[in-house]
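Before any comments, here is the structure.
Chains: A, B, C and D, in written order; residue numbering restarts at 1 for each.
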Amino acid sequence: MSSILIIEQILNGLQFGVMLFLMAAGLTLIFGVMGLINLAHGSLYMVGAFAAAAVAGLTGSFLLGLIAALIAAAFAGAIIEMVVIRRLYKAAHLDQVLATFALILIFSEGTRWVFGSFPLFLDIPDALSGPVTLPGGIQYPLYRLTLIAIGLLVALGLWALIERTRIGIQIRAGENDREMIGALGVDISKLYTLIFALGAALAGLAGALVGAIQSVQVGMGEPVLILAFVVIVIGGIGSIRGAFVGALLVGLTDTLGGVFLPELFKLFMEAGAAQKSGSALASMSIYMLMGLVLIWRPTGLFGART
Amino acid sequence: MKLNERAINTVVLLGLLALPLYALVVDEPFTITLVTRAVILALAAVGLNIVLGIGGLVSFGHALFFGIGGYAMGILAYHAQTYTTLNLGFFSTGGTKLMPVIWLVAMTVSAIVAYVIGKLTLRTSGVYFIMITLAFAQMFYYFTISWAQYGGEDGLSIYIRNDFPGLNTLVPIQFFAICFVILCSVLFLYARLQASPFGLALNATRQSATRVEAVGLDPMKLKLLAFVISGAVTGLAGALFADLNRFVSPTMFSWQLSGELIVLIIIGGVGRLMGPVIGACVFVALEHFLGGLTSFWHIYLGVILLCIVLFARGGILGLLTGKEGAHV
Amino acid sequence: MKNLILATATAALCATGVLAEDVKVGMITTLSGGGAGLGIDVRDGFMLAIAQSGRDDIEVVIEDDQRKPDIAVQLSDKMIQSERVDVMTGIIWSNLAMAVVPAAVNQDVFYLSPNAGPSPLAGQGCHQNYFNVAWQNDNLHEAAGSYANGAGYANSFILAPNYPAGQDALTGYKRMYDGELAGEVFTQLGQTDYAAEIAQIRASGADSVFFFLPGGMGISFLKQYADSGVDIPVVGPAFSFDQGILQAVGDAALGVVNTSQWNKDIDNPTNAAFVDSFQAEYDRLPSLYASQGFDTANLLLSALSVAHPNDADAFRDALRAADFDSTRGDFAFGPNHHPVQTIYAREVIQEGDVFTNKIIGVALENHSDAYAAMCKM
Amino acid sequence: MSDPILATHGLSKRFGALQATDDVSIDLRAGEIHAIIGPNGAGKSTLIKQICGGLVPDAGTVSLLGRDISGLSTGARAQAGLGRTFQISELAMEDTVLENAVLGALGARASPWSFWTRALGRTDLTERAKSGLDRVGLLDQQDMIVANLSHGQRRQLEVAVSLTLSPKAFIMDEPMAGLGAEGSKTMTSFLDGLREEAPILLVEHDMDAVFALADRISVLVYGRIIATGTADQIRNDAQVREAYLGEEA
């Protein structure tokens, strides 16, 4: 296997990882600050993708589509926070799971009701289509490189937001002590709505960005949701840094596992069988990764120790 | 509303028995099948309720045991119906179509797997436990999807239901009878377990593991045993479910199914004897009637579930008895 | 109360066949969730043919299986035990068909498959009451292999999801394809990112790519493939180039060759009428699945004009004769009740704003399936 | 001088830069109340955790009745005879008072592995539980749900649960915390009588209670024991006054 192929696969893993980070960051923030398990986060990803596809389809502008995705997802997030989620902060995890599970049902079927059962079209903008040649002669799609850049920029922005701004201080205070931010004179319910909308917007952004290279369809959020949960659990719930590291780990494991495990199996198996068992193992690999991490560190890589 | 929980329980069980009998009289066999489905789902959820309700462990991977039970049935019956040998290295068998044997295998394998997984996962708690149990179920899900020998994603079809001595299991009411008797036995076991010293200690573990440790008991061992019992019961339900459908597939391992089992319990009432049973009846009824009304029935189901969480803490039983908690 | 008794009595009468001329058809198909588009098309095609027949003695009971095998089994029990249908149809997915069909046909119900054709039901598990009106699962892949030979491809890279239908697809392709394999990859079921596979394709030195990735997987693959700059020609079965999803793929699919037993430009009066009336009725172009639903209904109607399903032997003979005008032109059943039909190679083109397919040649003529010999009926 | 019931030998624990306990050696003798006092963050909680088994020390051992229990789990130490009460009540809040006490009795029997009999139908368990409740004066409240008890009653119940274990030594973490003046007085007189049953290692902030009860007092500052002695000795110890009471010597 050539080194070019390996580098290309690492880039692929990285791109997958940073997109997972966009999902996981919101999820982990919401859990860290509000203590809420939000299964409906994947629905916000879907909302973003559908909004982008609808607006880009009408206006022909991908950028407008992206903006629409951000607004629609943030708006949807703020609405469900104010109508439903707000009543669940003090509830048991179990009630949160059920309520947000119910939200998934409503969002998925609602979207199907509005947009129909067929996938929507969303294409990457012309300016970003096609491959570029990287140093070393690697041909790599420009759009995917852009995704990596956007993901890293968002990560940087989040870090700055949390470490360097007033809202960041409030968020960190909220993670440590929910009562304290009330004492600091912060309007908690406004802060929570804001954080929820921020998380939702990130999910919507991911949905729109990824929707352009995948298919925009009902149910697209659920597999990503499960992966995002895997990411934040590996990283340690509530930790943005953990989500970042976890996302890259999961992205790389999934991509590289799918490529290299069958190759590895071919060393001691007949090719067809190696292909089958290798890819079977690859599909389980991230769950094994998560299992191992949790057995080793029951609160994830960067989670609070008990 | 304040009704006596024991009275409600009696009414529900009697209703669960009366409906199929009525259906038998008016010759509506499908109603019997539908009630049987509710009974089996209830059984699976009763199993989950042992860890979730008494032990406070939110297992988001209980479909794992449901699936193991299903595949235990599928594999044994597959070998029996194709006259092939199942070779495990240390042991080989021609499979079987006898229900009691299948049940025993389903429960044993589920219990063993539960023991291993419990050993690995019970160190974690809260969301970590939720997710790690999910992870194990997902591993089995993906494994069975690519397990070509037993049908992979297509699953395994068993053309004729397995045998129970003295009964014709293909007759809906007779298969219902089997499932109903099992459910009642397990409910009885659950009630005894809940009131037993073990149940008391497990219940205390949920509320304060520190206290349980301070009186010299080991919460880990309590939880592990509960997990094993729970896995075995859900595994048994899985074998029955596969027999009801005469079919087993990886969807029995899916996370949606794990979620549904939790939903059943919350609808009915967490930690209550009949909570899972009431939840299963309501869920199957909603699925059947709403599904017949509109193809967008998931929206309505979602709204109903939301209302239960927001306005009926303690589930339907909590609403009816006026008591949120499970304590009798 | 009186009405209820009356209704029950009527139902009982129907069930015992006193009003023998009425026919009840049970359709279990996917109408909600991710794969709903296929089921909706099958249903609409089927109902269009029933409506056009003008017969009011056929009652069609339609239920949504949510693409879940256990729900499908439950609905099948309901159809047989409660609705007491004579004929069943509608299932889209092979795994659901495997869960439902064997039990149903063993309870003396006829089953007409409008889409799924898993190999066990074509081979050892074939049944006299089971008729497949679409194709055996391998057929379109075999046609793709045959097309690849004709196009002079000698080094294919092939990929499919790691599940039985995916494994069958690669087997089917290899059965007809004579050249070398530059690579063979199983992806994950439901996978949405194919960057890794595309990188492998780029590095493999292949002269052609064959893929079977139904539904959203295919959309993702094609969009990413088009964007990657790899320009090795692609061949696939019709499932990823169907009318319903082509619009979501867009430009990325243009020029791709795919194999299908049907296309809207097949030149026969039945097909032309079907395409026009479907568009008039539902305001969209018909898909492959709609044509299969339409053909299934017409096969049923042709048999019903000869015998009622209560007369099982006569009805079965009438089905086997396949005396109906298919949208595909010639249509006949092989000994295992699976189609013997011509499979075409199509190319994706753009007509105005709409992406659609155009037939460019024949991939396999009067093709049967590889399992017929194993069927002992 | 009799052999100590409970003793620690050179317990040390470091968290990063913080030396939480530093070479702590204390003992608890039959019939006495030995109080540990010290400013916030002095390492009292860390010390208790190391004695009871929640925290593994970097160095040092714990012995009970001359037997080294350092290697045992929390549960096993409780079995061996350490009866513990908590600063914040650790009880099954949804259960009844009696059920909580029966849990203690179960612990004493070390046998929760019974699945068929009713826990509350086993007289061996309920008798033991009720005698514990009687001892703290909660017998009349046995059917109340713990969540409905007053703060003071929960403290008493904590002690009752410990009593069902017939411990060799009590470890009590701030039993007076949150009790009003009246409650503290009752608790003080109750503990006063309890020392005959088993000696008490008492961590407490309420100085009135400490000086009224303790036979000996140890002062923990920055993880070190800086003085041990009777109430009078401690009151007059210059080092204590300086380090703890903040007075200039």
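By definition in this document, a residue touches a chain if its C-beta (ideal position, glycine included) is under 8 Å from a C-beta of that chain, and two chains touch if they have at least 3 such contacts.
What you are looking at is a predicted structure, and each value in this text was computed from that prediction instead of being measured.
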item: Chain occupying the middle, per Cα centroid; value: B
item: Distance from the mean Cα position of chain C to that of chain B, given in whole angstrom; value: 35
item: Whole-Å gap between the CA centroids of chain B and chain D; value: 43
item: Whole-Å gap separating chain C and chain D, where each centre is the average of the chain's CA atoms; value: 74
item: Residues of chain D touching at least two other chains; value: none
item: Junction residues of chain C, two or more chains touched; value: 32, 36, 162, 167, 186, 188-189
item: Residue numbers of chain B (touch at least two other chains); value: 142, 145-146, 148, 296-298
item: Which pairs of chains touch, using the document's own definition; value: A-B, A-C, B-C, B-D
item: Of all residues in chain B, those that touch chain C in their complex; value: 26-31, 33-34, 37, 142, 145-146, 148, 151-155, 157, 159-160, 172, 241, 245-247, 249, 251-252, 291-292, 295-298
item: Contact set on chain A toward chain B in their complex; value: 31, 37, 84, 87-88, 91, 93-95, 97-99, 101-106, 108-110, 112-113, 226, 229-230, 233, 237, 276-277, 279-280, 283-284, 287-288, 290-291, 294-295, 298-300, 303
item: Touching residues on chain D, where the partner in the complex is chain B; value: 52, 73-79, 84, 86, 90-96, 99-100, 102-104, 106-108, 110-120, 122, 125, 145, 161-162, 164-165
item: Residue numbers on chain B that touch chain A, as the complex places them; value: 52, 58, 60, 120-121, 123-128, 130-132, 134-136, 138-139, 142-143, 145-148, 255, 259, 262-263, 266, 270, 296-299, 301-306, 308-310, 313
item: Interfacial residue positions of chain C with respect to chain A in the complex; value: 32-34, 36-37, 40, 162, 167, 184-190, 192-193, 195-197, 199-200, 202-203, 215-216, 219-220, 223-224, 227-229, 244-245, 247-252
